[in-house]
């Protein structure tokens, strides 16, 4: 039941975002509100088992969603800008020393691993290649491997980022 | 303003052609998928700008369809190349 | 004023897109090309969308027409979907390339090949 | 021999297409009264802002019905090709 | 009239992608080139003021057709044999 | 023999949003670019995303071929019934009797450039919905049949 | 300097490439790809027949003030795309069946086996 409610509310929110500005009840017209609710209920019936596979309503907490939005705008964007300038310099000069290293994450949920992997892919000169299903370790392709990392067996996820402690943010959001 | 937007769109079109060079010469299949992904991303940007240039705001819906569904082709090809289909 | 800011954003976006395309033409192997593709074109498209959102905001303040609100919201949704699917798609390509036996060509360390292949 | 024949056929077909197409000018369509009627009356008669949808589902509904039948038949045919044999 | 520049660029890209479909011996590469062909065709439809057709081409031609080709190649063989 | 857990989680999260966007395209077919065919194709892409992200045995437990065939037949039946409903009122096949009638989807439209009003169009939104359901069923059946051709020995 | 009729020239060239793929290649999957290319060329030809320079899309929602392009060809093209996908999938199913029967999708081998 709680899974159905969460899925329906998420779908309804997206529908309202798509049709904003259509009428006079705040921003929406009457028929949009009614038909959107019907469609959201259909989507909730069809996909509630898939959207909330684990069954815990942890991500429905509005504070976590707000934190996710803040995380996407400030730390992720700044790290992205730094990584882009770094890669831009490498595109022009052309010196790369790539390699694949093993990164311990310590994430316990699938969602946390997803956000961390996508952040790693989008940010500092790194790219998630594979994931070890048993231990949850990520294999990360670095575009420039420093000397002190090369000899180590595996490194912590924190060492990949420069300005912010991204894994702590994600642990706060998703766990 | 609008003329400058048109120049940006033309530059994006030329970039699509340049990405096609990698599609043609890429030594292996994964290289070609990378070129296809680049073309998709550039095309979403070109579509958003074209909606402004043509003055019709409802055209942006097409860009959302692109951004969601180009993932599907990439996933299918990646699943085949990885030997998992 | 706001139009100038929008044009500057669009210019930055086109510049980053161009660098990304040069990157996929110049880099030596699949993984480094994926670096250029994923990061730079996604970042460039975010800036293009930022320019369009600024333009739509300016037009919304001038004319008070709700179609520009629709333009801004749909652009933001398109860019969020693009960033999300692009990151996951490039991970899928990299994994497939590694499973098909293509090793990173100039490489100083490779911890993944040392792991015994399961399945 | 056969290959040369194929190439000759390709060249002939491309030439025929070229002859057909060379009389049409791009950007100035033939002004048919049917299209003008659709554009002028679709909003009043069918209440739809999108003229393409009005043509598909109102003025030319039989075409859409045939198209749906073709799609149904294709799905049925694909299912029948890969059906599981009972006797083996 | 200035849009003719954009038309020219996109149509050149389409012809190039079609030639690539013709020349590739590897069927997976040919399917990738066919996906690129469909994508550029959809952008051309968008430019010709037909957004309905552009959505249909993007969803069906580029997404679903590529998937169907990949499944069919998996069900048959990958390499195209050289005709003797 | 399945994609990594990152891809699977992405498919799980993306699936309801693709569905709601497909329904948005279907139901706004008479106002914005879109309609039954395009929206049905988007919905079918969502189903295909699930089929690709999981192993074949798991995904066929979620998406069953008989269910999809039922959905497809129901969509075609709804389309024909909607078209036949005009004949009950004495008009021709496919006559749009509900347009501008004041009932459901029956608001009057002004001529020329207007803002979007969902409550117009008469029978067209219902037909859009019917065709969308039919297209998603048909494409899912086709792709499931193709997938079963490479997974099972006949 | 750019010829006026460049979409039509492109349609001719693309259709020619498609016909050449259909006639010269022996692999059945490649031939189906050629058929799909011809279909794309036909769609492009239909849509560009209805284009009017300076026209706008035939949708009245928030439309600027100008002439409209012709709507009927777009509706027919829409039908054609969906039917094209259905026939392509059916042909691919037949190709997979042929491979299972004969062990090859080359047209030469299949023909020799039949005789």
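Letters A, B, C, D, E, F and G mark the chains in the order given here, with residues in each chain numbered from 1 onward.
Note that in this section contacts are C-beta pairs under 8 Å (C-beta built on N, C-alpha and C of every residue); 3 or more make two chains touch, one makes a residue touch a chain.
Worth saying up front: this structure is predicted, and the values here are computed from it rather than measured.
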Between subunit A and subunit D, the fewest steps along chains that touch one another: 2
Note, CA centroid farthest from subunit A's centroid sits on chain D
Based only on mean CA positions, could you tell me how far subunit B sits from subunit D in angstrom? 26
Counting only Cα atoms for the centres, state how far subunit A is from subunit G in Å. 39
What whole-number Å value describes the gap between the mean CA coordinates of subunit E and subunit F? 25
Averaging over Cα atoms per chain, report the distance between subunit D and subunit E in Å. 19
Overlap residues in subunit D, where contacts from two or more other chains coincide: 43, 49-50, 52-53, 56, 64, 71, 74-75, 78, 81-82
Spell out, as numbers or ranges, the residues of subunit E touching 2 or more other chains. 5, 31, 49, 51-52, 54-56, 59-60, 63-64, 67-68, 71-75
Residues in subunit C with touches to at least two other chains are numbered 34, 42, 66-67, 70, 74, 77, 84-85, 88, 90-92, 95
In the complex, subunit A touches subunit F at residues 7, 10-11, 14-15, 18-19, 22, 29, 31-32, 35, 39-40, 42-44, 46-47, 50-51, 53, 110-111, 113-114, 117-118, 128, 130-131, 133
Using the touch definition from the top, list the residues of subunit A that touch subunit C in their complex. 17-18, 20-22, 27, 80-81, 83-84, 87-88, 91-92, 94, 96-102, 117-118, 121-123, 125, 127-130, 132, 139, 141, 143, 145, 150, 153-154
In their shared complex, at which residues does subunit B touch subunit E? 6, 9-10, 13-14, 16-17, 20, 23-24, 29, 32-33, 35-36, 39-40, 43, 46-47, 50, 54, 58-59, 61-62, 65-66, 69-70, 72-73, 76-77, 79-81, 85
Residue positions on subunit F within touch of subunit D in the complex are 29-33, 35-36, 65, 69, 72-73, 76, 79-80, 83, 93-94, 96, 99-100, 105-112, 114, 116, 120-124, 127-128, 131, 134-135, 137-139, 141-142, 145-146, 148-149, 152, 154
Within their complex, state which residues of subunit G touch subunit F. 57, 59-65, 78-79, 81-82, 85-86, 89, 92-93, 96-97, 100
